[in-house]
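Each of the next two complexes has chain A plus one other chain: chain B in the first, chain C in the second.
This part shows the complex of A and B:
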């Protein structure tokens, strides 16, 4: 196994009708471990995957996947990349067995043991038609098909969207405890922070098509702090608060969510007339949401 | 690939089988009502329209469901080359059309051949193949419509249009349909790739995509002209629609009675006999020899351009012409059993050309029918059930019409009018010889009307040449009068030019938008089709103002093309080629450049973006 990044983009841009979906993105994802990509709707995650898999031409810049220019992927390259999307699009008119047989013939490194192990977590009858499977069963079947291909890189684009709690947990546990994911790199895109917290070794945050963060989830969480201050008079102008992500006034207390401020932020609050100050750790969900909400478009009147 | 074919076949299997069953039942029902093998082209066109719609819907549905972003990704992101996946899907689609369209038609033909005494020729076996090819062409056009960039995705329909307007018939039509289907297949395969809607990458691919786009734009320009013409008609100033047409024009001449037209031809004649002729025309019956509409019947054509059957009511036999045997085959109308074979002459020889019934004529015995086969006119004698030759024109001429003129018979060929003594037609014992021959004084394709008046010592014959005076193909309209005496000597009497009625910009509306495309149009329409003398025109040169307009448009197109090409991501040779193509082909090429190659997506430089600053 070489040390080349599995995904690398250099100055990648994609423009749709005057709007930048991917904005000069420089991204490098190394081999191994599970990388989570998060971002608000429209952050460019799906566009990035479509460019990386050669389904959408970039406006400018370069993109490589498994070392290959994404504009010239060969069938052999595709065999090395597993992809699961949120719709789990499979031919509904075919039986589970027929789809499995077709995939088995197409993928040279098909691992029947992995397939059987994965599908065993779901109550799927092999003679059932795909259209007769529940959404959770279809997701599990899709996961089994993808893992059995033994890809080097596994890309999940919001795979648990629309699944109920039980199906979501079954999906995640199958993924986490499968031997098949041990030797491959997983890129996992989701809005579900609890999933990210469970699975990700590396957190990539995208916003408006640009890279905003790449670090282990705990490191990112540590950058965000929640300060509570009792300020008897009017609090400082929000524009002057350093690293401010979010401010709220609850029961007369000011709640500040700030980025990269450390203990020195207490001094700022004191200087603004705060009497009582303390800070709280934040969950990853709160940290990411606060981070993404900062630049989120709001109505003019808000 | 077999997996893809099998999977896709499974998807459509039920619908295909249901369609095939419904199709077979419809054919069985219609075959009971009529002989589907002996239908005019318009009936076959209705069937073809149904197959076109079927193919289009299949292509649109199949690719419409696959091309949704996630479906498309799931379909193509596998270790199989995209062209193999595309080929697999298309083979499955074609298999569906084969079962749903071709198989029921073949069964219907087989039933005709083995279950009835009706005529079944090679041309009938070609019909299922033609239906399949037409449906396949539409299927690929539909698939291309959803796979290609929506700006020009509809251009695949041009190939269906080509099949519709092409004049090729029989096996030549099959070859043309095969080429059209192959073309749409190539278009669909080119568009079948992961990055849907991206412009073609290679020069051959670009040419392949651009040709139907440019042809489509040209058709739209013509359609725009047609819509403008509708407005012209509504305004009440269209020469063809005015209550009083322009004075001295061909529209006025064509609306005249045959007598008035003949008198108009004689109006300025100062010959000594002219007053007498005018008097005779005013008092006598002016006979009209009409030119037949439509193309001549051709051997192995799939539809009947002319009726190819007649009935002997007394003997209760329907005689139908067999292209295979070049003879008529009889079917007893009471029992449906075979009732013999009729060839030419006493020895029932094969006809030298397709023998088409022209109907009965005054003076013939009951049940007798006149037939024309190439240069020979025949008479079916019901009493002896024989088809006997009546007259033969010089070799190379083709009889197109026969008209009784008092006691005489006028026979119109593609080159001349012949006048015969009608008495010999009735007794049928003599081989008939013409008394007079008047060569058509112009090109047969321009001929719109023939008038004939019997004089004491011969005939006055007027020819009006205005058949396509409303467009650039036809000769400038004129009316000419000839006199032919009893000895057969033809003397010109008068020629009168008629007004053109329509302005040149209208008549040349198909030319000035793109002279190059118009030059190719006759080739495309007449591809693999025989030349018909009845369709020849004495086309005049293009007037200087129209040539100037075309040059100006080509110049504008050249500059516009160069400007557009500069704004596209093109190599220098490609930019130069596009610019030259725009200059040569004109506005359709400019439009195709704009449609096929969208302007380059301009990305702002990093330092110019506020959030990167």
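This part shows the complex of A and C:
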């Protein structure tokens, strides 16, 4: 086992007709543990995955996965990477058994036990055609196929989207406690903060194709603080508030969500004539939400 | 060998307190109230993680902090156990809390209109149980 990052990009860019989907991204994801990538819709997460897996050429910059250049991955490299995409794209006209047999032939380290154990959580009949499976069943089948190949690196794009509560829990348990994932590095993107709080060792935030945060989720949460102040007359110009993520005026009180300000923010509020200042910690969900809301698209008139 | 004691605690996601913090608070509370006795064995890191459906690393960090604070002790190769209680408060803080406890007791007794001697006798009896527990 080496300490090289499992994923590394240097000045990576991807341009779609005038829009930068990936904007000079420098990213380094270490080996081991579970890394969650969050970002608003269109932050570039899926594009990044496609480039990393060699499905899409970058406009400029470099990308490496397991130390290999993403533009020239060999079947041997691919064997070491398990990828579950958002749509769970599998050949709809084939039966579950036929797809399984095909995968078993392709992967040298195929583990039937892992496959059986994972698929056991889903009500999948093996003679069924893939097109007849529900979204959740297809997701479970896809997950079982991917884990059975015994990859070193698992990449998931929204893995629990569309799963029912039981299947979702089975998925999380597989991810966290199964032998199949014990020595695996997991990189996944999700919008489910509740889930990220439970499973992620590392929180990666992407915004408009760039890296905005890379730290344990609790460290990120601690950077965001909610302040409430009673400011008679008018509050300060929003452009002058340091680290401002969000401001709301509720029942005459000013609510500020600020980033990286510490206790010193009280001094700023005092200087603005504030009385009765309170501050409180926020949940991970609120912290990420406030962070992403700052630059989120809003209708022009708003 | 002591058997692992169940740790019936709950965690909430979406809470301002990180999950690790919630575990620390819950374990301390159970030790303070006597639900977890000195010498009781805690669930394994993996076991508690599975019980709560969370990352085992989160449990490991919480256990490490509880051990560093002296609430738990690890026995080589056996697991984690509730440590024998030792004084965790400074003597000033201890005095302050004792004063507080006496004040609130006295206020309650005043309202009951109980003669002081009878109150003392009852208090003696109540504290005798405490004496047996710590002996």
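Operating definition for what follows: the second predicted complex is superposed on the first by the 296 of 302 C-alpha atoms of A that agree within 3 Å, B and C clash if a C-alpha of one lies under 4 Å from a C-alpha of the other, contacts with A are read in each partner's own complex, and residues count from 1 in each chain.
Definition applied: a contact is a pair of C-beta atoms (placed from the backbone, for glycine too) under 8 Å apart; a residue touches a chain by one contact, two chains touch by 3 or more.
Keep in mind the model is a prediction, meaning the values are calculated, not measured.
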Fit or clash between chain C and chain B when superposed on chain A: fit
Contacts of A:197 with chain B and chain C, given as first, second, both or neither: second
Touched partner set for A:98, first chain B, second chain C, both or neither: first
Chain B versus chain C as contact partner of A:87, first or second or both or neither: first
When both partners are placed on the shared chain, which of chain B and chain C touches more of chain A: B
Inter-chain angle, chain B to chain C through the CA centre of chain A, in degrees rounded to a multiple of 10: 160
Contacts of A:15 with chain B and chain C, given as first, second, both or neither: first
Touched partner set for A:177, first chain B, second chain C, both or neither: second
Touching partner for A:59 - first (chain B), second (chain C), both, neither: first
Partner chain in contact with A:218 - chain B first, chain C second, else both or neither: second
Partner chain(s) touched by A:279 [first = chain B, second = chain C, both, neither]: neither
Lowest C-alpha to C-alpha distance for chain C against chain B (Å): 29
Touching residues on chain A, where the partner in the complex is chain B: 11, 13-15, 20, 23-24, 50, 53-57, 59-60, 73, 75-76, 78-79, 81, 83, 85-87, 89-91, 93-94, 98, 102, 105-108, 208, 210
Residues of chain C that touch chain A when the two form their complex: 13-20, 46, 49-50, 53-57
Chain C-touching residues of chain A, taken from the complex the two chains share: 33-34, 169, 172-173, 176-177, 193-194, 197-201, 217-218, 221, 280-285
List of chain B residues in touch with chain A within their complex: 3, 7, 10-11, 69-74, 76-81, 194-196, 198, 601-604, 606, 609, 611-612
